[in-house]
Amino acid sequence: MDKLNIGGHSLDNRLLIGTGKYPNHRIMYDAIQKSGSKVITMALRRVDINSKEENILDFIPKQCIFLPNTSGARNAEEAVRIARLARASGCGNWIKIEVISDSKYLLPDNYETTKATEILAKEGFIVLPYMSPDLMAAKRMVEAGAAAVMPLGSPIGTNRGIRTKELVQIMIDEIKDVPIIVDAGIGKPSEAAEAMEMGAGAVLVNTAIATSSDPIQMAEAFSMAVKAGRMAYLSKFGPERHFASASSPLTGFLNEGAC
Amino acid sequence: MDKLNIGGHSLDNRLLIGTGKYPNHRIMYDAIQKSGSKVITMALRRVDINSKEENILDFIPKQCIFLPNTSGARNAEEAVRIARLARASGCGNWIKIEVISDSKYLLPDNYETTKATEILAKEGFIVLPYMSPDLMAAKRMVEAGAAAVMPLGSPIGTNRGIRTKELVQIMIDEIKDVPIIVDAGIGKPSEAAEAMEMGAGAVLVNTAIATSSDPIQMAEAFSMAVKAGRMAYLSKFGPERHFASASSPLTGFLNEGAC
Amino acid sequence: MDKLNIGGHSLDNRLLIGTGKYPNHRIMYDAIQKSGSKVITMALRRVDINSKEENILDFIPKQCIFLPNTSGARNAEEAVRIARLARASGCGNWIKIEVISDSKYLLPDNYETTKATEILAKEGFIVLPYMSPDLMAAKRMVEAGAAAVMPLGSPIGTNRGIRTKELVQIMIDEIKDVPIIVDAGIGKPSEAAEAMEMGAGAVLVNTAIATSSDPIQMAEAFSMAVKAGRMAYLSKFGPERHFASASSPLTGFLNEGAC
Amino acid sequence: MDKLNIGGHSLDNRLLIGTGKYPNHRIMYDAIQKSGSKVITMALRRVDINSKEENILDFIPKQCIFLPNTSGARNAEEAVRIARLARASGCGNWIKIEVISDSKYLLPDNYETTKATEILAKEGFIVLPYMSPDLMAAKRMVEAGAAAVMPLGSPIGTNRGIRTKELVQIMIDEIKDVPIIVDAGIGKPSEAAEAMEMGAGAVLVNTAIATSSDPIQMAEAFSMAVKAGRMAYLSKFGPERHFASASSPLTGFLNEGAC
């Protein structure tokens, strides 16, 4: 399958994984391994930077890029501080920006997010902003230096699927410089496949895997669905029709004396 | 993954494939191989029973069960005649019943289909009726001896997806003796995955694969999506929520002096 | 607005009303009056035929046609008996056939319903069969003498809307001899309007009105929505577009020196 | 019905009408009259301010508030200039802000729109910003002084309905200080009713009325649908159920010897 390019990195997997809500670190590790994911996100707050004991970072497979996120930030300034702290602590230069001041729907703040994107991109970060789907806001984030844009399908953790399809599809059709990564709300592998069939560059999944009764198997299911959706997108679809179109000849068989 | 049981046969693949509309026999053969499918359907009319030359049957992989269908039948009597002819011609004892008298939407006739099912099941056929989704009609077909029931997602060849979800889901929830196989209308791997996540036993796909620009790759995509959907169904889903549910701790990070 | 014709009767209102679940008879009466409905359905069982005291029939406005239904019948024979009893008891010759043997989804049995339709139509009843949406079954009911066919939008009392739209639309497009009346599942005025915009002849609503906090006002809302949907259908819609189409001239205003 | 309050004005109608695409001025006038609308929008550019001849403004009924819009503006500065010109020309102090730089989907620019809103609200305008649905952006517009916010249902002129329902519903639930007016994309009366049932304060419709085969009758249909939706919202809905709920007693009727 074709590679995904983010910030100059070429990735052979289009499923990004979040690390919240798993039953334990071991299951999280195994689920990530099974998913084949190469980019793993975690709130910086959850990283115990100074710990000498068991550390959640030890449960992120070595082949993965670590993508700390700024969860907890309520404005651009706070997001910038968290990003800098992450880099200073050895977490690398990838950063997922989350700026959220609404605690009920956890909706991102596109305006503050764009500001943080601009500052951090200039400082050399590979910036992936989580956003409310909006073509004009996404264009601003790309101009500000975002390496990808991450519109929500539905609010975080709701498992409601891609209910913003109308707006996300326009973003996919109009923004060609960076990948569109559908983040938040994807609750089923079919929905991940749907995002890929729409032309998304990747999807980020957390709750749907972590809260399944079998996170490891669910991780594999998502991994396959993402590949299936990407392959289908590349293979191109036949037209959708209003009336039926017979797969086989319809009538006259018996008339013609075949039997 | 768990096996699919149809008429006493245990199958390790839940994607059934139709044979219409492929660019040529060779591509059809390769697509079937790539899909891993074990059950292949074709209108009996298309089988040249007496041919000594190139025969489409030669392009069905040896490991597959051949499922002739009664396409062209307009009532039970015609369907029964086609089924008997198929068996007499060496096509085995599996039969997919299609009784269609409407040429615009190609909608099945549940009443005639039930009659044909009853006659053929008594004659020892493994009968798979194509039907309009309807719990009571499906129950009658099961009583009549159907080995599976095959409700349509949307009209044949339309690629419109599972638009009858409300009725198909009820069939899945209420009929436990035989598998529910979603047949017709599935246009994308995400839709095949969705059917499996709903609890369908299998899906049958033809037009979406055959009319893709790359049928072989599309066959592989469908195969993966079906597996992903089944695995997800077995792994069980977390709840769908109305409000957001944070994957990571939301607030207070910077307040607490972490930086 | 144009009239609705059922069994030779010309009606100036396209909203049929059911009588279950109202807080009391008085509110039911007022809701029916407010709705302007001309056809009111009730399970015959609820009619106390011999009562000399307060009788629910007294709460059906005089200008309405009474449409007893065969709720409680589990097969054609029982439905026929109830219909005959209704007529013998002075309830007139309209009958809504409900044959239901499933107590979880209350789904109709198209096969038994068709049988009952045929018997009762021959006996001079004006027969309105409640059915699972299915073009071929509907055609059989029309041939059997149905004065209208009544496909479900979703199961009775669920307020889930027209989830069988794919199948109901085909029935509307293909059956021109009798009206299609969407019955069951309609939970909101917008859904009643949608049915009418699709070309349905009428809708039947019960639960959504009766269980509202204000059944009388809700009845009026449904009445207006049904009229709005019918008027819109008659006025014809402009095309649905994929790309935007400006209502007003888009650019260049300020360039041209207007200010 | 309850009144709609915008910028201190109390309105007895919740349907706003646009003036583009009508066959001629006379039909537009009659459609507006039939709709009962009290707020009519038009691109300022279409207003011939100095004309002594037939003027489109003469075809806006006298009882209506004129709401000029800034169509053609590509940034806040241009929108502000158009608004000031409108007021200086005697068009009053209501202004609908449209800032659009994308010519394919005509999507609004929330950032520039917020800037224009702030400037114009301070100058005493009653500002109604057209926007991409986004809770945080809407909150900013309200803080900036917007008298209402107008999220799109789908792109202008597409008649695709409320495809942004997930985001618009959140705005309705969370913003209580000003009305949410669904603007753009509403193609059918059922969709207008749906917006009102969701709790929208009003809807703005143009293309769906103007491009109907009978704009005057379609205007009446929309007017009724908006009222129906608002009345239903005020009457409150019964619950949506997964399983059926009988309107009438289900079984046992014939068993009990009633006949």
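For reference, chains read A, B, C and D in written order, and residue numbers begin at 1 within each chain.
The definition used in the following text is that a contact is a pair of C-beta atoms (placed from the backbone, for glycine too) under 8 Å apart; a residue touches a chain by one contact, two chains touch by 3 or more.
All values derive from a computational prediction rather than experimental measurement.
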(message) I need the common contact partners of subunit A and subunit D, sorted by label.
(response) none
(message) Rounded to a multiple of 5, how large is the rotation, in degrees, that superposes the C-alpha trace of subunit A on subunit C?
(response) 180
(request) Please decide if copies subunit C and subunit D contact each other with the same set of residue positions, more than half shared, or with different positions, and reply same or different. (result) same
(message) Roughly how far is subunit B from subunit D, centre to centre by C-alpha average, rounded to an integer in Å?
(response) 45
(request) Would you mind pulling out the distance in Å between where the CA atoms of subunit A average out and where those of subunit B do? (result) 31
(request) Please set out, as single numbers or ranges, the residues of subunit D touching at least two other chains. (result) 104-105, 107, 155, 160
(message) With touch defined as at the top, which chains are paired up in contact here?
(response) A-B, A-D, B-C, C-D
(request) State the interface residues of subunit B toward subunit A in the complex, per the touch definition above. (result) 18-21, 42-46, 69, 71-74, 78, 81-82, 85, 100, 103-107, 155-160, 187-191, 193-194, 197, 206-208, 210-215, 217-218, 220-225, 227-229, 231-232, 234-254, 258-259
(request) Would you mind writing out the residues of subunit A in touch with subunit D in their complex? (result) 101-102, 104-105, 107-111, 114, 132, 134-137, 140, 154-155, 160, 163-167, 170, 174
